[in-house]
Every structure is written in structure tokens, then in C-alpha cells.
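In order of appearance the chains are A, B, C and D, and numbering begins at 1 in each one.
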Amino acid sequence: MLKLNSHPSGRHFLQIPGPTNVPDRILRAMDYPTIDHRGPEFQQLGKKILGQIGKIFQTEQPVVIYPASGTGAWEAALVNTLSPGDTVLMYETGHFATLWKKMADKLSLKSEFLGDDWRRGVDAAKIEARLRADSGHVIKAVAVVHNETSTGVTSDIAAVRRAIDAAGHPALLLVDTISSLGSLDYRHDEWGVDVTVAGSQKGLMLPPGLSFNAVSQKAIAASKTAKLARAFWAWDEIIEANKNGFWPYTPATNLLYGLSEACDMLLEEGMQNVFARHQRHAEATRQCVRAWGLEILCQNEAEYSGALTAVVMPVGAGGERCNADALRKVILANFNMSLGQGLNKLSGWVFRIGHLGDFNDLTLMGTLAGVEMGLVLAGVPHKAGGVAAAMQSLQQSAVAVAAQPA
Amino acid sequence: MLKLNSHPSGRHFLQIPGPTNVPDRILRAMDYPTIDHRGPEFQQLGKKILGQIGKIFQTEQPVVIYPASGTGAWEAALVNTLSPGDTVLMYETGHFATLWKKMADKLSLKSEFLGDDWRRGVDAAKIEARLRADSGHVIKAVAVVHNETSTGVTSDIAAVRRAIDAAGHPALLLVDTISSLGSLDYRHDEWGVDVTVAGSQKGLMLPPGLSFNAVSQKAIAASKTAKLARAFWAWDEIIEANKNGFWPYTPATNLLYGLSEACDMLLEEGMQNVFARHQRHAEATRQCVRAWGLEILCQNEAEYSGALTAVVMPVGAGGERCNADALRKVILANFNMSLGQGLNKLSGWVFRIGHLGDFNDLTLMGTLAGVEMGLVLAGVPHKAGGVAAAMQSLQQSAVAVAAQPA
Amino acid sequence: MLKLNSHPSGRHFLQIPGPTNVPDRILRAMDYPTIDHRGPEFQQLGKKILGQIGKIFQTEQPVVIYPASGTGAWEAALVNTLSPGDTVLMYETGHFATLWKKMADKLSLKSEFLGDDWRRGVDAAKIEARLRADSGHVIKAVAVVHNETSTGVTSDIAAVRRAIDAAGHPALLLVDTISSLGSLDYRHDEWGVDVTVAGSQKGLMLPPGLSFNAVSQKAIAASKTAKLARAFWAWDEIIEANKNGFWPYTPATNLLYGLSEACDMLLEEGMQNVFARHQRHAEATRQCVRAWGLEILCQNEAEYSGALTAVVMPVGAGGERCNADALRKVILANFNMSLGQGLNKLSGWVFRIGHLGDFNDLTLMGTLAGVEMGLVLAGVPHKAGGVAAAMQSLQQSAVAVAAQPA
Amino acid sequence: MLKLNSHPSGRHFLQIPGPTNVPDRILRAMDYPTIDHRGPEFQQLGKKILGQIGKIFQTEQPVVIYPASGTGAWEAALVNTLSPGDTVLMYETGHFATLWKKMADKLSLKSEFLGDDWRRGVDAAKIEARLRADSGHVIKAVAVVHNETSTGVTSDIAAVRRAIDAAGHPALLLVDTISSLGSLDYRHDEWGVDVTVAGSQKGLMLPPGLSFNAVSQKAIAASKTAKLARAFWAWDEIIEANKNGFWPYTPATNLLYGLSEACDMLLEEGMQNVFARHQRHAEATRQCVRAWGLEILCQNEAEYSGALTAVVMPVGAGGERCNADALRKVILANFNMSLGQGLNKLSGWVFRIGHLGDFNDLTLMGTLAGVEMGLVLAGVPHKAGGVAAAMQSLQQSAVAVAAQPA
């Protein structure tokens, strides 16, 4: 096989905000012979997964699973519910919100963008105001990103729901949870979301290649009349076939093996524990960044992401801003760690530390030590002590019972 | 992990016509940590695969790889080249040709079906006649299936190309090779195909989850003006990003690891050897079926599939046709082998033996013995001797040099 | 990694009488990170295995597990129970009995060989006679092979026990079950065996690298005074450490992962079902050999092995005996199957078909078809019809309920 | 399979001084079907490994590979070269030297112990003096441990060789390199070692289950007359069979797959780079320990181990020495990391940090952070700043070229 890892020794630290480090249990679960997707054993697998997956989305409604990566699930959310020329109200929270908007335009929808602050989340009041102004109900859907992967800023989805309701507007609520599902607390039913979009390669700890639409009854009703052309992405045949544990066309069997294992792992740990674990690591990361004297991109503490932290590069000795990609290159070359790049208008300006998925305290400490050493080697101005601050944070929040004083 | 195999011992014989038996080399190649899909190691992987994959399609043109299963590549072929209301001339060779037609209709195209014989391949003369009659060039594309997975009948794609040319018609030629690519000789460039549709889970020996469009320059030109809405499936961004070995959105990294290995395996064996191997096993299978006194569904010897053989159930003692699904159930329960069911109007009437992918003589003999024993146990009238006929066929065509007489 | 399989396609048929085909479940169970062999997780693993392994030996007594291959367990049986110069009564049933005898001599024991027929098992009457003659109890142990891997002949261990008892002799009974444990019915306690020697790579379906001594209380008592020097093989420290689930020195952790899975698989299937499956496949194999008109090496039906069948090569057209190794070479080259060679004085004269371990009907049929085609290609005189006879045998003994007549 | 990891998330840090973290490449290389150990593919594997393994030992002489764990290779070194009652001069450097001595006694040798300092290595002058006094050449072998795994102290093997030569004594030199081979510079030929003992589960990065004797011609000559009983461990048959790439009895095939990969990995990295990497990580670890104000067990800087560091527990507030096992328990429970315990008379008094095998900077930093946080949680008196000191050390010795200042 192609030798991929050119680094001489040890395990690569994949600390981009997804794809995340796939745990051994999942890789091995996927390493089994493919079976007949129309046979009784597959049916058993399909029923198991479909019985578990809703718990991850906190929903009792159908969850459609695609043999496709996350971008496809964005498309599926739009083409199943909307008709050509329909207006979708979207919210510019960062690069991925922008990409989703561009996709809507390509799919012959009319998108409208609110907001322009890549350092804050959705302002629900703006959505409410816009919807109140739309007395003719031209807007058919509101589409927002729960956790903006490009910025490390989350948005308050429950507040968006309340805004729509307060405006008395019938628009559907579509939410991208690609980098939050399975990491941050997310409640499809309680928050009244109509379509939740998700992917396999972040909190679900799988390789990329599966994606999801959790759908409300209102969304299903909308799909009956929605006119955008669709076949591969059409919910109806999938939901119908799922009743028996099957899919209408060939599913990605081996990734489903992995999904079955991922569901077991998350439910064994307990979703509340999973969420708490992510928040704890995010807090330690922020303590570290602050101790370095560097700026966290997200400007609203209430909107900090538990999944990743984007860090703003400081101005260097020469008065010019240090380049994030040069730093990332030093870190990759010296410490065998991949960090997330700044995307779009954040290019060079920020780097992103992923702390989501199958992750624990010591991997976080290795990660932060790698960044701190990289700052030194790359000559980026900062204060020492970030790693020490993160250790203090983790010590304070350690959950295991300490042994008797030694 | 979910225990999938309820059978007490030994390896399952997955002899449906795909997904095929995934070889150990490929499963293990996929069982590696996911890497950063924007980093230098991924780039090396991307360039390697993109440099090899054309050899499998026998093309120098771009091959677009989707992180999606084969049905998606059908959709991609249509939405990249056509506009709403465009007419597509299709040819009813079986269940999958029919499904592709239904998809065209769902995607707001106007499909037209020639032919109705599920026991024969495409009659190129009919296509030529229809195209000659279309003096206004209303027909924008001709779409046919190279190897109809539901029937085990192939079609002569070069003849279809000649028919289009003879009619002097500008329609694009779209070809489904989902169950032939990597098993049967297929020549994207030489046969003048504009879009070749393929999937990972048959001759490429991978699990499902990747699919392909090999595209001609004419197809790319058509995509510039084609009006069907598209985003996930759009060729342009993918072809552009591929120049550097990357993809515009997250690719299915671990399946690409497997694809890299699959390309190595096929090219090591040599494509001509791969094709010859499939024809040899298909011939032995047909000798076996004939010796049983059973009928091969395909009625034209020139169109026999080298990838699978569909067998027609005989009439039983009571004067009623024996049921293929009852036979398949007996074989699965007794001999731990999955065979392909009859699809659509062939349901119960035929069963299908897959002999494609990672396959060899003794696995074929186990397969055929399982069918012969199943015929006995299920009380299906037949003559003994099929397995013996297959052995005779394999002996005669054995390629390894025999040792000196013992 | 070194590319080991030079064959172009499909799965190798490993039909030597061990190592056997390792099932995917076991290979994947072994593909996990090694853990601390002194930590709590290992302890859990150790206790689980030690709680299950006795059921395979049908014993309530300790089973000592070595991080070493089977030959080591032969040595362990001798050095734990005997003193330099002690006499061991052994029985020449084939190549492995002979090797064990040579080992005894190397270890400064005095071995004595009864029997000389490699086509029959142990004659318990000879043992009884010899022991009766040993009124001074010079003989300290009787050592026999349960299933002689070189010949496919089993011996009646219960009869040997009765012979020892009838002679009123205190000798220990040592039994090699390397190629029978987990395949043939074997009862350490009921048959009064003092040391049972076993290995991982046959009925236990593991790669080689683990071996076993199941020990009686009488054997343990003997070990207290036995004077042969020993350290690595010494039972006492292992049995002591096993009480807590540990081993005194580093165990072969990953092979133990596999053993844990193997125990689960065998106990899930049920030992009686495992034994019946082996007998059924052995019977079909013999029907096949007889139909070829070839001779089975084993001359006593009551002693046929359920694990392997050794076949005698016929005399060829030229009046000379055909060579088994030439045949095996033809089969390996043409059909990607490994068969067992004739060992020692059987070299060239017999070949051996392994039908043990993780095995099923269709793999057996592929195996026998490979031999039948090989006989043709190698020009070995035989009658056709062996495969047909095996199919008939398997049909008659098929255990799954047949579906209703189709 | 038995779920071994009870920890909720992320990868376990296995930082005992062996078994070490097995890299994915090796685990996957082992996850292949077992092959016929008498067939041509195995032969290719055997020859490859036997052609590479000497480079790891820096020898041109035979290296005997056992399908057994390391303790067995200790036994092999003794039983192949010595006769009952022979005197072996050994040197008490720690727990493992002591165990080897006990083994010698069990094997009916007469062992003599020099030294008694578990904080220093071998004093070659004492060996020279003792050998000079042995004018009758009663001493047949000198046996020392290169890297004492229980203490983190190395010994100067070249000096031992010089001592033997200076005394003009014919004794063989036997050296245990179980925790140094493949991590620390070790030269079997140049240092005139007669038998080098090694195991698979440390610097070779494999699971336990293989062990080694590299042997000199003098050792082979000794084996011709050595009288200790041996069979499984006997060199002669193995060396003879190895000439053709085979082994006389069933080898541990799948562990050999792993060994083949391990040799490739070490030789690709380059042995000098491997040694330098280990020294660099050891130096950073010691800087860390010193910054904590804790004592390194090894008292002679020239004898520091590059493979592990044993740390002495300080006296706590109450005037009693803090307990190392309580600390290790806190660290395992809170940070999912296994550290080495104090063995024998060091029990409770020291803990050991393994920094050998497949290891890199960030895994080291995670490791040291886990210890530092554990010291806090367990209430062990220490100074903060250890992790910071280690980062400084690694920064200074970073080998990759830094990018241009950001």
C-alpha cells in the first residue's frame, strides 16, 4: 500500500476540526467483509443503527443516512424541502455558512444572507426582524450553522427557533451540525429543527463518507410538494425502505459497520458525559490560549465552541501579522501534528485546534505542547505558560476520584 | 461490535453480482487512521490514484471520483450534461436500465425507452433509426447499460457509438459500467463514450461508497451550458481541485486508501489478465448451467456477461415454475452463500451467480457446488453433472504450466 | 509490507492440516493495541480466558498457556513431570510421534517405542502388556498422540487409560492433541489424562504462537519431585500467577486477544456441533477419495481422523508410483491451494487434505474440486466423480432445514 | 470481542517500558491470513527477515528467532552454551538481572552474583578482577544486562568485553538487550558479544511473542559440547533450517509478518536516527524530572537509559515516602496512562516512564503532562515546571528545519 506517513516515528496528531482521530474500535469494525445488502444479516445491522442514531440527534423522528459525505447532506436538506426560486434566509457566520449559501444559489434557490461577523454566532433578533418583515411568507426556510467549523463559534439554535415562532413565520428551520453532532449538546426535537444536517467524520468519529438528515414531520410534509429535482437525495424511498432495515440503493456497508460501533461507543459513554468531556477540553484549550497572550477568534464567551478553538495570530516583531500557515508548517514538520488552516478571509490569520471526537486529556496536552513549541520555533511572539495553564485547568476539572494521598 | 455472521463456521460466499468479496489487502489498506485531506500526505495519495484510475477506464480524460455510492454517479452523469426537459434516449435492457430511466424522469428530463427484451442487449440499429428520425436533434443524450446486472447481458458499446455516428447525431453517449468496470473489457476513449458511470463495489473490489464519472471533452463542454441544478455532483470544482491531488469538499479518505490498493492490484495483475480471468470463470459457469439442463437468461451468446450469470428456474414436477427465492433461501441456510435475486419482473424466476471481482477457480467451484447441492435439497428438477462440467472447463483453460507428469 | 501472495486473484485455500484458515473475527481481535500485562484490563482478559479454556479441553483442572508454539508444549509436558534418565513409553504412530520421541531423548530421558505402523493408531493392548511387564515401575510416563497429523489416524485415548489402569501401573499419561483439540471430541478429565499438549494453530483457529498443557493433580504432584531442569516451562509459577489472571513473565498479549475470541466462537457454536461438523466434512472427503479410486492412508475405519485425510498416491501408467509433491505443486500453481506434504517416510507417497478449523461445506467443495482438477492436470490415474460423491455426502447430512419445495 | 478498554475516550498511553505502543503499520501487517509455513511464500518472508534482522543487532552472525517470549531467549542463551553445574558470573544491576540469575540456578547452573547497586550499571573492573582470580577457568560465561528495565540504568558492554579480554579469560559473554535492542546503540559484533538476548515487544515495536539469540561463532562452538538438555531452544536445527528461509517447527507466522514490517520501519528511519530519537526523548524526560525536583534512580549520568527513566518518589509532608503505586493508580484512573511500577525492592519507591519504541515528541509531552498532573492530584510534593523544561529541551533539539519566521 502507498506509504502515507512520511514521519519517522509515532502516531500522527490529527488536530484539525475534522476528520477526527478514528478510534481503533471503529477502524476494526469497518475491517470486515462486505455483506449482501439485501440479506438478513444486513437487515439486523440496519435495524440496530436506525434504532440508535436518533439518540445522538435527540430525536424520535426519522434520520436519513446517505452513502455520501457531508456536503451531500446540505444539498439533501435543500432539495427535499424547497422549490426552484424559493427564498432561503441564511446567516453568515463563517466559511461554511458561506459555502452552504453558494450551494443554495447553485441549486436555483434565492438565498439571502444576514449578518457578516465571523467572530460571533447568529443574532436571533435579526432573524426575527427579517421574518416579521416577510409578511408574505416569501421566505421558505431559515438555514443556520450550529457550530461554525471555520471560526469555532456556536449559535443558539433554540433562540433561532424562538425567533421564528415569535415572528409567527412558517419557514422551515434547517441546521448544519456537521462539526457539533456527537460533540456538543444538540436537540433536534426539543429545539424544533426541521432538518438537521450532519456528517460522519467529526463527533461520530468515523472516516468521511456518511451523512445525515434528521427530519421533522413538517419537513416531510414540505417534501411532498417541494419541486426541486431529486433522486439520490430523495427522502421518501429511503424512509420507506428503512422501515425494514434496508436502503433503496446500495448503502456504504462498511461505513455502516463503523457507525454501529460509533453509536455503541457514544451511548456507552453517555451523551451527557460526551458533551461534558468536550467542554472540559475546550475550556483547558482556552486557558492555554489566554496564557499565551493570544486572542481567541470567537468574541462571545457564550458562543465558544466545545469542538474547536480558532486562534488569531499576533503581530510580530516587525509589525506585520505572523502567518498562521507558516506556523502550521513548522508544527507539521517538527511535531507531526496537523492543525486546521484559516479558511477564506481568515486565511493566514488564524489557525484552528480541533479538540473533538475520540479524544482525551493527554492527547490534548500533547496537542497544546506541540502548538507552544511551534510558536517558539516559528518565532511567533507569545508568553510561555499556556501548557501549564491547561494542565491546571484539567487538574481542577479531573473527574476520576483521586487515590488516597500517596 | 454487532455480530453479523450468524453462520456457525467458515467464510461466507458472497456470490451476488456485487458488492463483491473485498480482498484482505483492500480491507487492511482501509483500516488506517484518517488523515488531513488538505495536507501533503493526502495530496500524494490523491495524485497517485488520479494517475492510475484512468487506466482502469482506458481513458486519458478526467475521471471524477465521488464520495457517494453508484446511484449518485448516475445522477451526476445526467445533471452535469443536461437541462430540464431535455430528452434522453435510453434502452430497456433490464431492471437497472429501468431505474436509471426513472431517475431521469425524477430529475425533470424526458426519457424515451427503446427495446423491451430483458434477455438481450442493446440493438444499435434501433438507436440509429431513432436518431436518424430525430432530425431536429431533440435527443440530447443516449444512455445505455454496458453490463445489465439484473440479467447478465452485456451490450456492444462500440456498436452504439457507431450507430450514433452513422446517424450523424450530436447526442452524448452515457454508459453505465457499474458491474463491468474492472471485470470486462471497457474502453472509454476508443469507444467514444462521453460519460462512463461506475461504482466501487464490483470489479474494483471495494466496499460501496465511491462512484465515478469518466468524462469526455465533449461532455465537459456540454456541462458548461447544462442547466440542471447541481452542486455536490458538479464536475468543474472537482476537476479543478484534482489538478493538485485534492477534492473541493471532504473526500471519503479511507475508501480512497482502498481504491489506491485496488488500482495496484488490478494493474499488477494486468487488465487483460483480469478480463481473461472473468471470461474463463463465466464460461465454466455456463458449462455448469447447461449441464444442469437449466436455461441461461441471456439469449445471445455474443452478449454473455463475464461478470454474472442469471439462471432461469425450471418448471417443477407439479407443472409450476420453481421459485428462485426459495432456492436461494435453502442455499443461504445450508451453505452460507448469498446469490443474487431476480429483480422486478424477474423476481422468483431467475437467480444470479456473481463471478466477478476478487475471485478464483476454487471459490467458483465452491459456489457452483453450493448451487448444485441447493438444487437437490430444494427439489428443483435438474441434471447432475454441472460441477463436473465446470471442472472440465477450468482444467482445459488452466493457465499455469503443469508440473511434469507425476 | 512484503507482498506475500503472488497469486493474481482471490483467496488462498490453506488446506494443510494446520495452521488453519484464521477467521476474520480472530484476526481483527488480534489487531488491537497491546496493553499493560500487569494492569486491570489485562487481568480481566486473563480471567476470562482461563475461565473458558478448560471447556475446550473438557477439564476442570488447570490449563497452562505458553507464549510459545506447540513444540514447546511437548517439552513442557516432559520437563515438568520427569527426571533425567526416566523411561517414557511412547508409540510410533507417525512422524510427530517420532519427533516427540526424539525430543524426549534430547531432554535426557530414555524413550521406548512401541508399534511401527503408520497406518493405524495406538494398540492399547501392547501398552498394557508392556506396562504389566514393568513390574518395577521403571516407566514413568506413557506418551501418545491423539490425532497423528502426518497420517490422519486417531488413537483411542480412553482405551490407553484403561490399559494403564488394567496393568495397575502408576505411569503418567501424556497426550498430544495438537491437531485434534477443538476439532475432535477430546476429554482430558473423563479419559484420565495427566498432561494434554495442544497448540493454537489448528482447531483453535489462531495463528501459531500459543501452546498449552492441561494438567491433572497427579501431574502437578509429579512436578514437585521431577528433576529435569526447567524455568520458562515451569508450571508452578504460571499456575500461581494465573489465580489472579496474570502470567509470571510477559504473555503473548495479542495472541491472547485472539484466543479469547476463539473460545467465544467455539463455545457459541457448541463443542458438540464443532465435533459433528468436522466428522461430516471428513466423511464427505473420504467418499470423495474412494470415488477417485484412491487409497486412504488410515487402514482402520474406527481410527479415521475428522481433522485431515491422508491420501496415498496411485501407481501411474509407467508402473511407478506418482509423486505427491509434483501433484501438490501443480495444484498450488494452478489453483492457489496448499495441501500437506507427506512427511518422513511418507514423503512423495501421500498428500494430506486438512479439513479442520474454521471451515464449511463450500470451502470443502472448492478444496476437493481443486484436488480433482489437479489429479487431471498432473496426469495422476484416478476415476472421475470424487467431487460428485462428496456433494452427495454433504447433501445427505445437511443440517439446516430445507425450504418448502420450490 | 472482550471490550478491554474501560476508559471512556481516546487512545491509551502505554508508557510502561514495554510492551510498547505497537504502530498501526505493524498491527495491520499482522492482520493477514496465516500461510503455509512450508510453502514458497513463507520462504520469501523468512529469507527477507533473516536478511534484515542482523542489521538491528549490528551483526553478521546468525540470529535465532524463537516463537516464544523474551524469558525463553534467556533460557536459550544458557542451555545452548552451558553444562549442568557450570558457573556463570552475573551482575546484580536490578530485578531482571536477578531473575536471570534465578533462572540460571533453576537450570542447574551455578550462578555467582557481583555487585549489589540497583542505581548503577556493571563495574567492569569487578568483572575483570573476578575473572583474573579464576585462574582455573571455572567460570564459563559472564552474563550481564545491557539496559536494566527495572532501573533505567545501562551498562557499558564494550567495557565488559575489554575486561574479559584483559583478564585473558575464555568465558562467553551473554548480554540481555530485551529493553535496549532497536532503541539504544547496541553492537553485537563490534563488542564481541557471544549471545545477545532480545524480545519483540520493546524497541522492535511488536506485541510480545517473539524472542532472539544473536550468536557468535564461539557460542556456536560452545553449543557443540554444552550438556544442558535442550530441544525447543536448540540452535542447531534452527540455524540449519534458516538457510532455506524456514524453521524446523511451526514459527509464529503472524508475528513474523509484524517483524518484517518492524525491520522495514527501523531501517527506513535509519538506526542512527532511531538511537538519536531515543536519546533526545530521554534527555527531555530527565530535564522534566529534575525540574520537578525529583530524583532520577540512575546515579551515573554516563549510564542513563535512553529507553526509560525511573523516578524516585519524594518524602511527603508527613515525613513518609510517597507511594509510587498510589500515584500510578491516580494517573491511570484520571489520565488513561499506564506507567511502570517499581519492581522487587523498588516497589512503591519508584515509578518508571517508558519512552521507547514507536514514539514521538507530542506523545512524550502528553506522557509528561500526565505525570505532572498526577503528582498534583495525588498530592506528591514537587515543583511545577517539569513539562515546561521538557518542552524547552525538545525545542532546542528539534531536528526539522524551521519555516521562515512567520
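We take it that a residue touches a chain if its C-beta (ideal position, glycine included) is under 8 Å from a C-beta of that chain, and two chains touch if they have at least 3 such contacts.
Worth saying up front: this structure is predicted, and the values here are computed from it rather than measured.
The minimum number of touch steps separating chain B from chain D is 1. Ranking every chain by how far its Cα centroid lies from the centroid of chain A, the top place goes to C. Remark: chain B and chain C have CA centroids separated by 44 Å (rounded to whole angstrom).
Centre-to-centre, using mean CA coordinates, chain A is 54 Å away from chain C. As a whole-number value, the distance joining the C-alpha centres of chain A and chain B reads 35 Å. Counting partner chains per residue, chain A has residues 1, 11, 21, 24, 28, 31-33 touching two or more of them. Chain C contributes residues 1, 24, 28, 31-33 to its touches with chain A in the complex.
Across the complex, chain D meets chain C through its residues 1-2, 4-6, 11-12, 14, 16, 18-22, 25, 27-42, 44-45, 48, 66-72, 74-75, 79, 84, 102-103, 106-108, 199, 201, 207-209, 228-232, 234, 249-255, 257, 260-261, 264, 332, 338, 341. Residues 7-11, 13, 21, 23-24, 31, 268-269, 273-274, 277, 313, 316, 322-324, 326-327, 329-330, 333-337, 358-367, 369-370, 372-373, 376-380, 384-385, 387-388, 391, 394-395, 398-406 of chain D are the ones that touch chain A when the two sit in their complex.
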